[in-house]
């Protein structure tokens, strides 16, 4: 009971700290100076129709790079915790599997559907991150769609072994290419991760906004392979 | 409108915090943490909201000139975008710790973990 | 080249999806889509062989259009059926799982058949075993496999047999 | 233009009505299989009518909406099939009271019991698994 | 109008969150937490952040739920001594299996 009282007091303290801050924020005060600059100049400077993409990829590109690093670290942690030592016992279990005992065959319909839908889902993911600078969407969302395509495949056949070398390779190459594009920006344009070393193109077209689509494609592939790795490590084949 | 969103987010944070403090099982604590996460995201997006604002995406309906009064702040959106992905990764990491914990002790109850007690 | 035809069919399907997604098209969209779809098709994607069963003969496409019409009518019927059942004070159901059999051999064809059965009045495909489908029927009105097959499967099978050969 | 948008709204309203019926059905039906019956069919037509309505209001979106409809048609029955299959495998029989009519039969459970019996007979394995 | 919707969504989220804490069944709790994320994506859409709404719908409500369910399945089904005759050697008791996994 004492403990609950302390927790309630802590929550009240949080509320006391929060409400004066919340009262100062209202929709009427408009954009901050920084956001005003982004909205006014963002489209001319970078040529991307989606301002969120401009902020994620270019203005706050370094943040995103760090974020991708955090994601990589977390994936490595999950894989190290769950996969290490698992493969051996896993294999043995599979060999000694008596067929039809306890474990069901996967649904044939689901296997067919997954095989048919998988390329379409991959294409949909690519569509989302390729249009990240024009419409809502981008590397993170597209990466998640890629991961869920693989998830569908894993659901349809739980004995499926993904090609980890390929997954790791795609992730490493896209990460390295991300940094390389950033360095290209430092060398050819204004600074690290400046996408303006490629021509801006016509506003609102697919090939526009300099290197923003390239960076977003790389982020998409990286996020997709990392989330696939997480899901693959977490799953359990019963 | 902003205040409604901030209130929702704050209450979610409170519920998450409450769960994090009172549940005695690691799995429930992780669920509470993800609720807290969602609450913080809602607050952040709410801070970026501008009255009657639309998404900061320029197309036929929204010209670049004179957009300042009509769009919401893109910076919190961008931050939350990355924060959600990080949230998933961190949740997965916590869950894998929980799995290992359960595999080595056979229990997820916090009361069974006496090593760190002081 | 082995598997060329499969890849060509997959390319056509994926390119159609791409064009539909990018709807107001420009030349850039067309070119980029072609490039992406080509790369995608040449990658060793798992399960690509399912696209072998798609056929683009004119007669089959004609039957496919007919089939979509039949399916839409069935869906409307099934919705009215469900609506009528739901609003009655005592829900008139008499459920059970019945077995029906199909002559279709193509996997894609069976998938489409099972989906159609799930969308038609009062039936859900629960399990498949080879050519047998086990169907949950909300009010069973057939006594044996043959009559159930006649009631549930045949209306679609005659189209799907032509479409998927 | 306006007329089309109004017609589209009405079509969407009909779609919403079917979704409402699905929700009512999910509450009223006696067991999970029958809940899925309403959950699959009514939501499919409901979402399709929604897309038609949106397509009438925004004619330039029709290809994307077509893709969405095709996706719904392909995935919605598939997911309900997988749910029903899982439900059967964890041992939920469709033959549970209370029903208005007499409950009928379960061919799948029958066939599987037959298969298990046959396997038992041929293998002469563990005794405890026969039931 | 949109304020009303916002209040409604907020109430849904709060109900879902409380349910996620207090439901006895863990799977139900996971699903309740997922539904909170799903409604949160609607709130983001109302607030003019479609990018965030997409991400939340895809990650928060789909992938997070799947990851939770996977790990719950792994926790529920610890390696048990298997009863079938095929498993010999090491799999004699659960502790053995654990050591093997560690």
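Note that the chains take the letters A, B, C, D and E in the order they are written out, and that residue 1 is the start of every chain.
By our rule, contacts are C-beta pairs under 8 Å (C-beta built on N, C-alpha and C of every residue); 3 or more make two chains touch, one makes a residue touch a chain.
Note that this is a predicted model, so its numbers are computed, not measured.
Visitor: Chains in contact with chain B and with chain E: which ones?
Guide: A
Visitor: From the centre of chain B, which other chain's Cα mean sits the farthest off?
Guide: C
Visitor: For chain B and chain D, let me know how many angstrom lie between their CA-based centres, rounded off.
Guide: Comparing mean C-alpha positions, chain D is 33 Å from chain B.
Visitor: Can you check how far apart chain A and chain E are, centre to centre, with Cα atoms defining each centre and the answer in Å?
Guide: Averaging C-alpha atoms per chain gives centres 19 Å apart.
Visitor: Averaged over CA atoms, how far is the centre of chain B from the centre of chain C? Could you give it in whole Å?
Guide: Centre-to-centre distance between chain B and chain C: 40 Å.
Visitor: Could you say which residues in chain A touch two or more other chains, in rising order?
Guide: As it turns out, chain A has residues touching two or more other chains at 50, 52, 107, 109, 113, 116, 136, 138, 140, 144, 227, 230, 234.
Visitor: Residues of chain D that contact two or more other chains, please.
Guide: Where chain D meets two or more other chains at a single residue, that happens at 74, 78, 81, 85.
Visitor: Could you pull out the residues of chain E that touch at least 2 other chains?
Guide: Residues 49-51, 55, 59, 63, 67, 71, 74, 101-102.
Visitor: Could you list, by residue number, the parts of chain A that touch chain D in their complex?
Guide: Spelled out, the residues of chain A in touch with chain D are 100, 104, 107, 109-110, 113, 116-117.
Visitor: Which of the residues in chain C end up touching chain D in this complex?
Guide: Residue positions touching the partner: 17, 19-21, 23-24, 75-76, 78-79, 82-83, 85-87, 90-99, 111, 114-116, 118-119, 121-122, 124-127, 129, 134, 136, 138-140.
Visitor: What part of chain D is in contact with chain C in the complex they form?
Guide: Result: residues 18, 21-22, 24-25, 28-31, 33-34, 36-38, 40-42, 44-45, 48, 60-64, 66-67, 73-74, 77-78, 80-81, 84-85, 88, 94-95, 99-109, 111 of chain D touch chain C.
Visitor: Report the residues of chain E in contact with chain A in the complex, numbered from low to high.
Guide: Answer in residue numbers: 49-51, 53-55, 58-59, 62-63, 66-67, 70-71, 73-74, 77, 79, 84, 86-87, 97, 100-102.
Visitor: Taking the complex as given, what residues does chain D use to touch chain A?
Guide: 74-75, 78, 81-82, 85, 89, 119
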